[in-house]
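Before anything else, here is the set of structures, which you'll find just below.
Same chain, two partners: chain A is paired with chain B first, then with chain C.
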Partner chain A sequence: MGAFLAGLGLIVSGGLASVLVGRRWRSRAAVAGIVAGSLCGLVAAGRALAGGTTPAMHVSWPVPYGSFSLAIDPLSALFLVALFVLAPLAAIYGGRYLEEEHDGRSIGGVWFFTSLLIAGIAVVLAARNGVLFLVAWEVMSVAAYFLVTFEHHRDEVREAGWTYLVATHLGTAFLLAMFLLMGRATGSLEFDAMRPGAVPPALAGLLFCLAVVGFGTKAGLVPFHVWLPEAHPAAPSHVSALMSGVMIKTGIYGLVRVLLLLPSPPAWWGWLLVGLGIVSGVGGVLFALAQHDLKRLLAYHSVENIGIITLGLGVGLLGVHAGMPLVALAGFAGALLHVLNHALFKGLLFLGAGAVAHAAGTRDLDHLGGLGKRMPWTAATFLIGSAAISGLPPLNGFVSEFLIYTGAFAAALTGRGAVLAAAAAAGAALALIGGLAVACFTKAFGAVFLGEARSRRAASAGEVAVAMRMPMAALAVACAAIGFGAPWVLASIAPVLGLLATAFGLPAPGPQIETLRAALTRVSLASLALLAAVAVAVLARRLLLRGRTVGTAPTWGCGYAAPTARMQYTASSFAQPLVDLFRPVLGTAASGTLPSGPFPARASFASATPDPADRRLYRPLFAGAAALFGRLRWVQQGRIQLYLLYLVATLLILLLWKVR
Partner chain B sequence: MFEINTLLVGLLLVNFVLLGASRLDTGVRQVAAQGALLSLLTLAEHAGWGAPWRVWLLALGSGVVKAVVFPHFLRRALREADVRREIAPYVGFTASVLVGVAALAASLWLASRLPLPGPVASPLLVPVSLFTVLVGMFLLVSRRKALTQVVGYLVVENGVFCFGLALPEDAPLPVEVGILLDIFAAVFIMGIMIYQISREFDDIDTDRLTSLRDEAT
Partner chain C sequence: MSWAPFVRYVLAVALAPLLGGVIGKTKAFFAGREGAPLLQGYFDLAKLLRKGTVYSTTTSWVFRAGPVVTVGAVAVALALVPMGGAPAPLAFPGDFLLLAYLLALARFVTIIAALDTGSAFEGMGASREAQFSALAEPGLVLCFLALARNAGDLSLSASLGALSFAAWRSHAAVLALVAAALFIVFLAENSRVPVDDPTTHLELTMIHEVMVLDHAGPDLALIEAASWLKMWVLGALVVGVVVPVRTGAAVIDGGVFVVAMLLLGVAVGVVESAMARLRLLRVPQLLVASGVLAALATALISG
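Then we have the complex of A and B:
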């Protein structure tokens, strides 16, 4: 616990220092604090994950029902590892990125709030008291708000910040209600003192629903995800990486933590999570497919991946309910491992998107292209990240999705009735998500890095600085390492699975973990074989081409004498068949004029895919609320005397009521 | 000079004058008189000339600020804004005096019902302080000129101060001084505000401020 607190101290003091020191030292102070603090935190988390019990901290606090209760159990440790791996890499990247993007602007504020965000997430993950949890939750959410609105001189950024702020506070309201009810039912807001047995089943169901809405809003589950595609693109790229990689995972963490504090889950909790997971996963990837903005596309993929994680949790709960330990553990293991994996590859992809936007000056897929030749490092790492997020072997995304598939198949093979149906739906949805994700990242990677540049700025783009390349390379290596070393990774998260098994009343998970490990060992061997085959193919190509002349021609030249970049497939045209197929869901609106005649003069095409949850659910809802509260407008006369009269009348009524 | 009841009756009469006065100048003068009376009342409550030094300090401090410094600020604001009278208040002057009578009755009734922690120096102390607070609030609500708002605010504060005297264990010196400093800053800012409002709107009618309100879209 000492190392953890020292880490927090270093991170926060680095952030404070960056506000106070001179302009040249701002980034360095904050980056140094975050890197050193993250290393300390990693030590603490690693120790807890290795099975060593870290002593819990318990300091009293004058706030009612509050206390500084902190502890790191394996579950916290797993999420902390994701945080403390991604945070220093994002900080190193951000140090350079901010210097180059905003040389004249004051960047002390960004660093201050970045440090606060990281420290807030860390405290959320380690808090063992409801009040402390909520306070840390708010610190985290508000710090993220200031990061989202960093470029507040732009209208759309202010709009995005506003959406985020409203969403996060509505979510927190649900959490507040949940903790209050939970505290009343169990008699304490200390997590360790809560007795799950004291919660009656109906109340437990209500608490679970509150948790799903509250934590789901932070995690970005459909239909609570509307803030996510707005806020992620607005923030600086390294902050987007942190928000998407770690911050939204606190929603998943909170959900799992609350499940541990509630009595044994009934079946419908599992179905609800599987259902939400399917809707989020498929919805997220479909909307990603229809986007033109690279960071917005990635943000929708966060929705998709949160869906996959929720799906895994749902499969796990179904396994718990049906008394199938293998299903339960495979689901939980897949979900938790996917949390770590998503932090790595989504962090990598957001950093890559930032590098592209920085070099080419735009994030619009239809203005990019051909960057692979000019930015080989960024292209290679982005390709690895794309393959990982699509769930392709031999990378880490495949490993966690494989575990969830294993759980779903095991449930489908041995279960019956509703469990069979849910498991089959989960497996099928996972397959659909995977396929669509491959299509989407083929589109994104192809449009950005392959072909010819579609704008002058993209044509003159150059590779980014070493300080920005290295974090991306490190994350790419980590993605590959987890992919190849899957059996060891599963063994290292065994304590987390043991914790969950004990909490849900399952037998000790040894044999199931062995089964899964054996399966993953075969996967790793197959991955190695694949790698060997690729190496052989590359060598063979070298050998065959030796001594021959290799000509290069413009991409998509097709033998024309004067090819132009406009002859290429655009991102929109690549995605068009799939977008058309899912038009009833997406509601993509296209407009423009088609070329006509033998010598077409003017033609145009534009398409837009607004979010239906935003358009059909929240806009009418908020418009209705505004109309309702508009009726109270007569209270607001703008006369100071009237406002004072309200005050005086309230005071007098209170006085009379008291002395009556 | 230190007869508590006489001072309290003086305070009460000043309140009625405030309610019936249309000249802003009178308002400023009356609130200054109220400040002076309160400062004497502080001493009277603590054995007149023989009061301890910290009571003297408080009495002199509040007397100087409320009877000399504030009126000075307010007169200067009046001169710069060039207004003399409260014209067409929300509640007329005669009606205001009648409201004052009702408020006095209410204060007497309230004071008889209000549980107090200990014996009070005079049975009039609590009703008069409540009455002063009510009059101040009424002035705030019923007058248009920004300057009368400041006067009303000061009257409310005087009432609160007076009520504080009724408590057996008087608030510690730092608290009293802190409050004094607080209203000092407030009046200072209000003086500047009045000047700014009059320059912006050619008037210090607060109802011009309605144009600052957010309009329905």
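Then we have the complex of A and C:
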């Protein structure tokens, strides 16, 4: 616990220092604090994950029901590892990125709030008291608001900031209600003192629903996701990486933590999570397909991946309910490992997107292209991230999806009725998500890095600085390492699974973990075989081509001799068949003028995919609320006498009430 | 550990190009032509392997990585497929997921290699490939699930090993559904009629062939080899369901398997001779239908 607190102290003081010191030292102070603090935090988290007991901290706090209760159990540790791996890399990247992208504005504030965000997330993950949890939750959420609105001179950024602020506070309202009810039922807001048995089943169901809405809003589950595609593109890229990589995972963490504090889950909790997971997963990837903005596309993929994680949790709960330990553990293991994996590859992809935007001056996929030759490092790492997020072997995304599939299929093997339906639907949905993710990331990677540049800025882009490349390379290596070392990674999260098994009343998970480990060992073997096969093919080609003519020529254009870069398939055209197919869901609207006649004049095309949850659900809802509260407007007459009258009347009523 | 799985693996690699010859001969028979020789696949590979190559000036290392990764992924996928009653060289619970995702990896690199050329034609083919394969994926996975549920085991070797002609007598409806769904996926994934026409001569109407327009020489040979292997991989699954011969004698089982694979080639030839390619807008319906058939099969099997 000492290392953890020292880490927190270093991170926060680095952030404070960056506000106080001179211009040249701002980034360095904050980055140094975050890197050193994260290393301390990693030590603490690693110790807890290795099974060592870290003493809990408990310091009283004058706030009613509040206390500074902190503890790191394996569950907290797993999420902390994701945080403390991604945070220093994002900070190193951000140090360089902000130097060039700040447009003359002070960056001290950004660093202060970045440090606060990281520290806030860390405390959320370690808090063992409801009040402390909510306070840290607010610190994290508000710090993120100031980061989202860094470029507040732009209208759309301010708009995104508002959307985020409203969404996060609505979510917090549900959490507040949940903790209040929980505290009343169990008599304490200390997590350790809450006895799951004290919560009656009906109340437990209500608490679970509150948790799903409150934490789901932070995590970005459909339909509570509307803030996510607005806020993530607005923030600076290293902050987007942090938000998407770890901040939204606090929603998943909260959900799991609350599940541990509630009585044994009934079946419908599992079905609800599987259903929400399927809707978020498929919905997220479909909307990602329809996007033109690289960071917005990535933000929708966060919705998709949160869906996959929720699906895994749902499968796990189904397993708990049906008494199938293998199903439960495979589902939980896949979900938790996907949390870590998503932090790595989505962090990598957001950093890559930032590098692209920085180098080419735009994030519009239809104006990019050909960057692979000018930015080889960014291209190679972005490719690894793309393959990983599409769940392709031999990378880490496949490992966690494999575990979730295994859980679902193990349930479908012997399950009947609703269990079978849920498990088969989960499997089919994962397959569809995988296929669509391949389509979406071939589109994104192809449009940005391959072919010819579609704009002048893209044609003159250059590779980014070493300080921005290295974090991306490190994340790419981590993606590959988890892919190849899957059995060891599973073994290292075994304490988390043990914790969950105990909490859900399952037998000790040893044999199930061994089963999964054996399968993952074969997967790793196949990954090595794949590497060997590719190496053989490369060698064979090199041997065959030795001494033969290897020429170069323009791309085959069916004999047309003067192709231009504008004739290439764009991201929009690549995605068009799928977007058309799913138009009833997406509601993509296209506008423009077609070329006509033998000498066509100007033609144009534009398409937009506004989020239907925003348009059909929230806008009418908020418009209705505004109309309702508008009725109270007669109170405000704008006359000073009237307001004085209100004051006097209030005082009188209070006096009468007190005197009575 | 017996050598049978490895012998079968090597035989599969050696025989895969023959499948193309059988399809070609069948189509020639229906068209009343002489047709290319049965061994045309081998001749093509030999010719391509002897050539130099030409790379487009637009392309980068991604384009060169396409063929080698494709062939590597498919070669590993082949090691996961049980053939003729013998278990696969690599079998474990959930191996079919690795199989499906290795094919997805092959597709991923083929698509980005096509996009690397900057050609509108290749982009068009890549876009269609991405669309159709995304829709074929649930069908494939549900087929595996139905077979696994039937056998009560999550490995492909056990799933197919549990089938027999007796199983066909008792579960005819389920197995027919699975076989039909798998056959649709087989045709779609291998770019055959009615999803794609490998012999079309118009770039605008192709899917798979147009994606590899700019590859030449040994690179094209690798791509051709990968597509024969992929056809063998998915074909072996169809044959494994439809012709579950289990005499116990490796030579007989293997022999029947090879004959059945060649008959599958004939079936593909018959389909290609008897019907035209579907309109591109109709293809998704066919793919969704395969998913529905597989889902129905899964539901019909009592666990």
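In the analysis below, the second predicted complex is superposed on the first by the 645 of 660 C-alpha atoms of A that agree within 3 Å, B and C clash if a C-alpha of one lies under 4 Å from a C-alpha of the other, contacts with A are read in each partner's own complex, and residues count from 1 in each chain.
The rule is short, and it goes like this: a contact is a pair of C-beta atoms (placed from the backbone, for glycine too) under 8 Å apart; a residue touches a chain by one contact, two chains touch by 3 or more.
Note that the coordinates shown come from a computational prediction; the quantities given were computed from them, not determined experimentally.
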First, second, both or neither for A:Ser455, with chain B first and chain C second: neither
Residues of chain A touched, compared between chain B and chain C (which is higher): C
First, second, both or neither for A:Leu645, with chain B first and chain C second: first
A:Gln637 touches, of chain B and chain C: first, second, both or neither? first
Chain B versus chain C as contact partner of A:Thr362, first or second or both or neither: neither
Partner chain in contact with A:Ser607 - chain B first, chain C second, else both or neither: neither
Chain B versus chain C as contact partner of A:Pro554, first or second or both or neither: second
Complex interface listing, chain A residues touching chain C: 369-370, 372-373, 379, 383, 387, 390-393, 398, 402, 405-406, 409-410, 412-416, 420-421, 424, 427-432, 434-436, 438-439, 441-443, 445-447, 449-452, 515, 518-519, 522-523, 525-526, 529-531, 533-534, 536-538, 540-541, 544-545, 548-558, 565, 567-569, 573-578, 581
Chain A-touching residues of chain B, taken from the complex the two chains share: 90, 110, 113-114, 137-138, 140-144, 149, 206-207, 209-214, 216
Chain A-touching residues of chain C, taken from the complex the two chains share: 49, 51-60, 62, 67-69, 71-73, 75-76, 79-80, 90, 92-95, 97-98, 100-102, 104-105, 107-108, 111-112, 115-124, 126-128, 130-131, 133-138, 140-142, 145, 148-149, 152-154, 203, 213-214, 217-219, 222, 280, 284, 291, 295, 298-299, 303
In the complex with chain B, residue positions of chain A that touch it: 630, 633, 636-641, 644-645, 648, 651, 655, 659
